[in-house]
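Handing you a structure now.
A, B, C and D are the chain letters, set down in written order, and residue numbers restart from 1 in every chain.
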Amino acid sequence: MRIHVITTGGSLDVEYTLQGTFAIGPPVVASLLERARTQHEITLESLCRKDSATLDDTDRDLIRHRVQETDAEHVLVTHGTDTMTNTAEHLRTITGKVIVVTGAMQPARMTDSDAPFNLGLAVAALQTLPHGVYIAMSGRIFPAGHARKDRARGVFV
Amino acid sequence: MRIHVITTGGSLDVEYTLQGTFAIGPPVVASLLERARTQHEITLESLCRKDSATLDDTDRDLIRHRVQETDAEHVLVTHGTDTMTNTAEHLRTITGKVIVVTGAMQPARMTDSDAPFNLGLAVAALQTLPHGVYIAMSGRIFPAGHARKDRARGVFV
Amino acid sequence: MRIHVITTGGSLDVEYTLQGTFAIGPPVVASLLERARTQHEITLESLCRKDSATLDDTDRDLIRHRVQETDAEHVLVTHGTDTMTNTAEHLRTITGKVIVVTGAMQPARMTDSDAPFNLGLAVAALQTLPHGVYIAMSGRIFPAGHARKDRARGVFV
Amino acid sequence: MRIHVITTGGSLDVEYTLQGTFAIGPPVVASLLERARTQHEITLESLCRKDSATLDDTDRDLIRHRVQETDAEHVLVTHGTDTMTNTAEHLRTITGKVIVVTGAMQPARMTDSDAPFNLGLAVAALQTLPHGVYIAMSGRIFPAGHARKDRARGVFV
């Protein structure tokens, strides 16, 4: 199976800068998939490096456009958690593909990150679910439109 | 959803001893699921701590017995990779449950482990697949009887 | 040997919050010293949790007061890197003690942190150097007044 | 300051193999020193990859020969913990150099390793101590001949 990965930024890719601030760094997903010894063909597209709270409809149109344009049937979108549910809903009109949106509450570069687990969750969803748009977070797979982020607890419900 | 986790040992739980040897330590799965912020009810059963190369039919009968006995519909079995496929086949006669067997090529206590990814893969399979027995390794979900370990490459195919 | 550790915050103790921002979390030094199997008597005092760019003379007076007051001869101060050199100079009038100031460019909670190495550097300096005030960073031990932070490169020279 | 590093193996460099055993892998010291942003000139010499319990006098003669031959005044030897004290004593006849022997109880490739701390300890000792041979372990600096490994507790005393 081939998986096309589109990265958009978010906490998943956050790094700590020399200036003592967090910034969205180079995407980590390729190294995480390699460490997991994933036996899929992976293609990668780094679309943007944004905090998802700053994404607007133009950004979401671009993400939708890129998901539609790829000839891959299985698309993984990595995304900040703040507006992940909005983007997932924005992708719902796409047909003929399995699309899974995931991210992380703790950056992959931190020792206690949820990132590798979430990627495993997403990769399983890509191969077990019918065409549609899904969110993979908090150990759960949600169809787009059926998840919301509980900001106080830092989980998707 | 409730997930009952049965741990049997394997590389996943390996630790490095004061004597400079490896041993199968206390199960890591609870801490990995917590770090992943998993929103499922988890029950844990530490059945044994064995290198799976040493498991015999008595051990496999015990694992099958425990999987059957639990009232949970969703069962995750953590297991060494050497005979994971044998145990999965041994569980195939169990009906009415989703059973996913996973493990790791690198111990969870090592920095480059595939363990958290594999657990994510398994947790997604538990909630997306019909009743049956599956192996979650190498980024893939295999029905029992359809996977083998490629020992030279360290992947399941 | 007894080491009294005074923590003041800085990148060393940074954590990533549920709101996707960084904050100075609970001090990490005790767990790092335990992991290193350090055979010293350690006493800990969490004085403040501040970004060192925000420390003023009142804060530095308080740090100096606490270093002076402890009956320990060997004092380790963990501190943000931005004004670590200023605080070290502020402590120079203290006599009869070995005082080492250290911190980290990358938070200890990140996988590629310099924190454990820097703590090792500081703990060795505490036991090998005469009374005085020192900075332990970038693999080097500097007497107070002889180090500056090269902000562009993220190292002390 | 230039530091010449001679690596001999030991738990520090242990990796977990595809066969589920531990082996002594490529030396980790260069990447640990880089992560620590060490501002010294480092030269590296990978002499052997041995469990120190298997080192004999021929091996120790070779280590002594290499330490003597290098034109560096500051030499760091990474070594297994079982016979680290023997090797340090074997080096005592060397004059005109600061020689520090260190290693780790937990491999650097494990998440809870003492390796980066121990390297920091050793690097500080190299620059603060007079010519001689030292062991840097358990948060302490011991002159050669004054340390022994407490095998039951996994610490040097």
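Definition applied: a contact is a pair of C-beta atoms (placed from the backbone, for glycine too) under 8 Å apart; a residue touches a chain by one contact, two chains touch by 3 or more.
No experiment lies behind these values; they were computed from the predicted model shown.
Participant: Sort the other chains by how far their Cα centres are from that of chain C and give me the top one.
Facilitator: Between chain C and the rest, the longest centre separation is with B.
Participant: Is the C-beta contact count larger for A-B or for B-D?
Facilitator: Contact tally favours A-B.
Participant: How far is the middle of chain A from the middle of chain B, if each middle is the mean of its Cα atoms, in Å?
Facilitator: A distance of 26 Å separates the two centres.
Participant: List the centre-to-centre spacing of chain B and chain D in whole Å, with centres computed as mean CA coordinates.
Facilitator: Using C-alpha averages as centres, the distance is 37 Å.
Participant: List, in ascending order, every residue of chain B touching at least 2 other chains.
Facilitator: 105, 111-112, 154
Participant: Taking the top-of-page definition of touch, could you list the pairs of chains it picks out?
Facilitator: Pairs satisfying the touch definition: A-B, A-C, B-D, C-D.
Participant: Looking at the complex, which residues from chain C come into contact with chain D?
Facilitator: Those in contact with chain D are residues 32-33, 35-40, 105, 112-114, 116-125, 127-129, 136, 138-141, 154-157.
Participant: Which residues of chain A touch chain C once you look at their complex with the stated criterion?
Facilitator: 11, 14, 16, 18-22, 51, 53, 80-82, 105-107, 109-112, 151-154
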